[in-house]
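You will see subunit A twice below: alongside subunit B first, and alongside subunit C after that.
Up next, the complex of A and B:
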């Protein structure tokens, strides 16, 4: 016969196992909360401000982009967009390429969508 | 000895002779001791005396001027690092390499595609280019990153995305350019691959820090190409060796005419004779992402001031080894 009380001590362990098994979104900067309405891009070669600012300027020209935060230490660009603004991966790749870089991957899309 | 053996010995001999000939040219030993660090100031932040992405530095009139890029300002210090005042760069500008002459401050503003000239009182006196609009016509800029003032007041501006260096009269009128607008060149003299900074010697000789070309190019007062250096044949080959570069981002002329280059991705400053002979190197080593020595300037007494990008600070260096305590 199933005895609920005897299973109680196992619940925390089960919860932990379940949580670990679920795909956990991890931001490029190490935290686990995505900024809303933003694209988080990992870009190759973002080591110096001369190139990073160029990428920032490139995104500033795009309709719907509010601002772009670039972390040259982590090689990450966070593109903040107005709600409803959507870019395809191909568009993002093109913007990054036009600024002289290679897009490694899109880590996050607005609204929490995973790549 | 067999024929193969003779060929082997001859080949080895040729390699040894070539190596002996190449080594002092491509891998020179330092002829001066490195400089030693005597002081730092700064730290990350927005308060006076703190920085967010300091990128340029210039010494003039007994003051140290620092381009504090992400804080959109120039900060002015005395030589000991005491904060004196700030000069705001308008329209969220990103000041890059800067120059100071007769109290005036010349600022290459990457973000707004213009060159700003501030008076000794910090007031904006003049704007060259069209603010907020990149352009490639003569006298226009696309992400300017370096500025220098010649002996007759002419301005020299490195245009990062236009792949050129422009010379403008004191009134801002276009005079000439080096490089081919919008076209990158990697090996040939007179071509650039994202030029970043310029410096002009008292005799009018122009030095260009080639940025992604990993070399310095030198042009005479008449504009003629004189020489280039940085790695084998100065042909866009980067490396960590003495006299080689990995993204030279700033060039400055010392009081004796020597040339100081911020070799950003090697985390060091390299010092050369005006002819390009390697003298010594120094800097703050760094492990992990990001780089340290991104800009350099030299005071008349030979003290070197550098900008440590990742450390958000100014570093002060004196010639020779640190004195024994």
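Up next, the complex of A and C:
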């Protein structure tokens, strides 16, 4: 059956990977002020960084998007856009769905307008 | 004399095919998820994912190494298609069977910080591998996978069934059921721009029918094996590394045949 000796050499590699992978301290933000030219979205289903990459990628494909910041724990995506870039709710919902998640609500729009 | 030599060759071929069958773990999970079982996770729309896998298997003290390259594409956020090609070294070396696979997530419920999903998977491996490395026949797999993935806890359950067709020399390897339960725990807080670790442990059952040759059951084939499979999922951005080991805890194989000693697998994935 299982022989410990035969896979013992793999232990150091596993330990090294574990050590490298230990999470870093959370960076406290505390700010509720959203950038002027941004959409702030509450997204359901965000649970891991590897999945969340899809959200960044979907928005990166859209014209006028500069970058997307994601807070997995809060379930928030901040989409920074160039001035004048506008998306409808249906578009935002579609982008989030195509990333594999669900748009809960739009918290903030460019110019500070609230829905 | 010639007939005897041919008979010996056929027997050797059959042994190699059965060994390949024993070594074969469930098809790779298609996108990140549990290491030794099926994952309900599908890629985002338009995603390209590259996957490199290594598996070391020891059965009855005989080791084999399998290297797998996979490519996947997210047709939409619920439908992923892919292909894979293994290369094996050990008692026999060479390119294995080329495979096509697909998965469709037909139900998902996104909640704050959690996702539940149910996915159907299908795969076919064609008889393209080298003698003694490939299965010697085309195989089909169907599976159903459920997953709950949250910020702190993960749990997956899946069931799969592999149908093997009759190959050369009239050998038909036994069909196999795969039953899997997996739990996962994230010790820290996931931060998008930071490395992330999830520890997982699974319980995997493999129930294999007897193989048949020219319509006759082979006595020393088939049976049940149960494994415990600890491992980890390490993520950094759009990179994913998943090492794990499968340790047999119960074995009820028919007749006289070697049991699995262990399987070690590490998978590396990146998508963009």
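Quick notes on this one:
We take it that the second predicted complex is superposed on the first by the 83 of 115 C-alpha atoms of A that agree within 3 Å, B and C clash if a C-alpha of one lies under 4 Å from a C-alpha of the other, contacts with A are read in each partner's own complex, and residues count from 1 in each chain.
In this section, contacts are C-beta pairs under 8 Å (C-beta built on N, C-alpha and C of every residue); 3 or more make two chains touch, one makes a residue touch a chain.
Values in this document were obtained by computation on a predicted structure and should not be read as measured data.
By the touch criterion defined above, A:57 reaches both subunit B and subunit C. Of the two partner chains placed around the shared chain by superposition, subunit B and subunit C are both touched by A:47.
In the superposition on chain A, contact is made by A:102 with subunit C only, not with subunit B. If you count the residues of subunit A touched by subunit B and by subunit C, you find the higher number for C. In the superposition on chain A, A:73 makes contact with both subunit B and subunit C. Contacts of subunit A with subunit B, set against its contacts with subunit C after fitting on chain A, overlap at residues 47-50, 53-54, 57, 72-73, 75. Across the complex, subunit B meets subunit A through its residues 53, 55, 69, 94, 96, 110-111, 143, 145, 160-161, 194, 196, 211, 247, 249, 264-265, 288-291, 294, 309-310. Of all residues in subunit A, those touching subunit B in their complex are 47-50, 53-54, 57, 72-75.
Residues of subunit C touching subunit A in their complex: 32, 41-47, 56, 58, 63, 76-77, 108, 110-115, 149-151, 187-198, 232, 234-238, 240-241, 243, 245, 247-248, 251, 259, 261-262, 264, 271-272.
Interface residues of subunit A, counted against subunit C in their complex, comprise 1-3, 6-7, 10, 13-14, 17-18, 20-24, 26-27, 42-55, 57-58, 61, 69-73, 75, 97-102, 104.
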